[in-house]
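One structure, pasted below without further comment.
In order of appearance the chains are A, B, C, D, E and F, and numbering begins at 1 in each one.
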């Protein structure tokens, strides 16, 4: 049994960044927790609907537990102490085998702060740490490519469609990126060897992975 | 069944860099091939003994096949075309799932050239690529820590002892590095969670790893 | 009147990397020269057809002059002196205002060598230097986005279709990348402001640009 | 007509970093707005004189609008939320084609914070983003050199002389740097080709430039 | 006579990072001041014992003056203004020839903030700036190796043993790291030339060193 | 007594990069050897005059020994084996305490190759390694500033005037760079503290410095 913890700044960040991988983890028996630091809404009464959207999306993807902090949106720089404190609580509670979060070079400052704070806590409390690629990152160089199937992509698309309050979500763009982004990094001779159903990619930068001689090598190598 | 290919510049580079991991792969059923680009000896008749040392070490670690090119030692910069040609032959022959080689920032120029050439070929012919840490690298930032047992370390030490022609090999130094190097990167709270028999480290930088949704997640996360 | 020089390793590298921009330059009165360092074919008699393909593609895009060296394919590392000498001749002949070439971090070693050699010559012989993005580059961070129209993309596609000897050319993949790759870097609020006919991107890294107070500022800023 | 927005931490930062370029923009019909985040004075009644100095300098350079926030000097780290909020207001008001600000690696922490916050906002609200070089930056690698004339340098010197409250301003040093700094980056063969009146440099790092196929190529290439 | 200032986040950071070097400075007549930004204890009455531990350790190493601020532990991100103000006071009081502090890439956020703030102040108030290596840094590439003797290591061990409130301090690990860490960076041919009593290393990254032609060259070169 | 070895690609590279420092070393009793890899002249009979120029310049600066290889100019990429072999001979002969050479990011490919080869040999044969700044380097970030006097600058200028065959040498530009380049890196508050006779700078990047506890700390700190 494996514990996966994903910490994001806003609702839908986890689903956009790694919706297929969440579904894959869940379908393979891992326990996935998503923690969202802000509900990202200017109006106080807007938080509840966004939480509900998260819960719906999480349900579709198989998320075990979806939790929230109330860090003020766009003001993470001024609440780093609270973020740090919440992260320690969550990560000690979740005892994750692997932590996922934003990439430190994300252009959105709340994302970057989230990444810095999660990195610091995860490096001393969890074995493995991995950054997902958001759109609009700077300097993101993937070293982990997750190739997903049509079925996982459909699950991701359905999850994203839960966030109806976010009119900006251009789901078709996400699908198109997921269908070609790896071609900018992976040689066509490699792509040709993929199983044909592996049509979609999510890209990650693995920051730390600790492997134990007690376990057998993974399939990938 | 997994195919592992390790390409190194000199005899004993593979054993120093990842002897424990080789033994671990072999004991878990992977097929490990080591290819060594030079026998690294100025005298023509010195090559045969060094090859024999490699074969003995490989036998102890469970290497499936140990092969050699005859690139002139310390002159890799002037034989890049031959190196490239040999690598294409080997890698197409081996069809590896994962390729290991020197880190591009290694201070030894033959190591650095090996890394550049292997990287270029591996990125278009193999799914996964990983750099091991040699002593004396510059700018090596590990993102993969392999924690090995006393038994694997003994196998590594025995393999290293096969290289009796290399008087410079200070095996005790290697053992000591392997017992503390991870402490400079991994927080003591993490180290305390390791199974107690995981006393030794080998450090790697994973350059590319492609995971497929068709497989289950690995144990590590 | 502006002189543009593009130096590439292989036939079709220029067209894949910056076909739209070539057509745009030509249509705006610039004189574009493409120089290709190898015809990239193992058989001696294969060179002529590939040159012919280049000339056809160049004609479609408005290339003023398409020239060739005969550096042995996949062996650039061993012919750097010849490459350097040819580049000095060409660049002094062309007197370019701007030079385009491969990105230094390209995974293909011939591309990387081309980039290193062109960079060294261009920095002392031309005002401006710019790298185009090939597929499969490592560490490419664009700082110049060229947004092209449907018409320019059609010109590019037609140019690419000239390279019939290259069966590997998956033109549809190139088109799809060109239609979404900028979305990984540019925020959707910016994309929404683009003129609607600007549907396709080519990405560059400007290495040096010298602007003169004697000229007026360009439109872009 | 082009809109240029320059956001700086302190009075005189814009004039020191890019006084010639401001004058050049203004003389070519661009509308230049400078926004200064602090008046950088410990005494409350010191702000007014410094603002007056800015306005005088701006007048000389042709600045269209010079505006101010009241972020406490040397305390930007603790007012990032306010900085962010002000920047959103300003940038949406100004609708700039290009935004200039400090380089992220500036040694002055207020400058670095300004750069981070402006970068985040500009990347989602403006097409183009460019960093000017302050004295004392770390890791600044210019990719844009602006060569100015004696006339523009005189305008800059006059603008700097408006800041009489800043006794530390060694204008002669700035002039000398501006007359040789490019020689550390640009080969003498290139410098010899400059029009003789282009004696002074201001150096920039272009972070993002979006060019449109609808426009003609700029003079520089 | 030389003035050395060391600024650290927590008690024992200076001793772990550079205890041998402190003792060496003191024994050679330099005046060493250590300033510690927090006493790093959640309980208010825990501060006094930790200060006492510092003073005892400092006494053993020959520290001239050991001073403290009361920045709240784990909350440096929210007190950067106070940190900056204290640093200006201290550094102007100490008039140091060289300042030592944490490395900017330290995984502990309080360490990283300390490094950023000290860097900014030191670069404008002190000639020389140097980062020591803490355990758990990311991206630390040493360019200064200090080789110490058994006697200095004993002084360091004794100093560390003063911090009895810190049960986590695994002194034996520190000693073992200090005895082999340089072997990962320095070739064995160099190590063999060391005077035999130079058994232990402390590693640094020199960020700025200003040498004057008025002085003679140092012994090292 | 200290041994200094400087390895450069061409005649005058050492004098341009570190003429003041050479004179300072020599005047303080160090033994300075300069080795030049090519005489950098296309005509065979042009070598002798250039060597004579070096010897004259070396005499003025106090160089102990000035030696030469005959690597073909602009063709270092194709003679790396010979360069490597010569370097091993020279460095083992010279037994230097410190080695100086070009910066790896120098734009001139012969300079870059020299730097790579010298780095590899020096890191295994010499304690200390340091890069001087040539004009036209890319990515050079100095961490060592050598402030020289008017007298040392005159010695440097005289040494440079020996290279009369190099009409391109604009000595006045070098002098002006040396009088202001540090102002782009060092805060004016620091500069104001310099002894008034320290008017000129040469900038370096110290790659490795090994200090021994057996020696006293240097004056600088």
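By definition in this document, a residue touches a chain if its C-beta (ideal position, glycine included) is under 8 Å from a C-beta of that chain, and two chains touch if they have at least 3 such contacts.
This is a predicted model, so every value here is computed, not measured.
Q: State which chains count as neighbours of subunit B and simultaneously of subunit C.
A: A chain counts here if it touches both subunit B and subunit C, which gives A, F.
Q: Taking all residue numbers at the subunit D to subunit E contact, is the shared part over half or under half, that is, same or different?
A: different
Q: Would you identify the chain whose Cα-based centre sits farthest away from the centre of subunit D?
A: When every chain centre is compared against subunit D, the largest gap points to B.
Q: Measuring between Cα centroids, which chain is at the maximum distance from subunit C?
A: E
Q: What's the rotation angle, in degrees and to the nearest 5, for a C-alpha fit of subunit B onto subunit E?
A: Roughly 180 degrees of rotation.
Q: Taking the mean of the C-alpha atoms as each chain's centre, how many Å separate subunit C from subunit F?
A: Computed value for the inter-centroid distance: 38 Å.
Q: Where the centres are mean C-alpha positions, what is the separation of subunit C from subunit D, in Å?
A: 32
Q: Counting only residues that touch at least 2 other chains, which ones in subunit C make the list?
A: 78, 107, 123-124, 136, 186-187
Q: Assign the assembly's chain-to-chain touch graph to one of these shapes: line, ring, star, complete, other.
A: other
Q: Got a list of which chains touch which?
A: So, checking each combination of chains, I get A-B, A-C, A-D, A-E, B-C, B-E, B-F, C-D, C-F, D-E, D-F, E-F as the touching pairs.
Q: Subunit C touches which residues of subunit D in the complex?
A: Subunit D reaches subunit C through residues 2, 4, 20, 24-25, 28, 30, 97-98, 123-128, 130, 143-149, 152, 186-187, 189-190, 193-195, 197-198, 206-221.
Q: So in the complex, which bits of subunit B are touching subunit C?
A: Touching subunit C from subunit B are residues 78, 80-81, 84-85, 116-117, 119-120, 123-124.
Q: State the interface residues of subunit D toward subunit E in the complex, per the touch definition above.
A: Going through subunit D, the ones touching subunit E are 74-75, 77-78, 107-109, 136.
Q: Over in the complex, which subunit E residues touch subunit B? Could you list them?
A: Listed in rising order, the residues are 107, 133, 135-139, 141, 168, 170, 173, 176-177, 179-181, 183-188.
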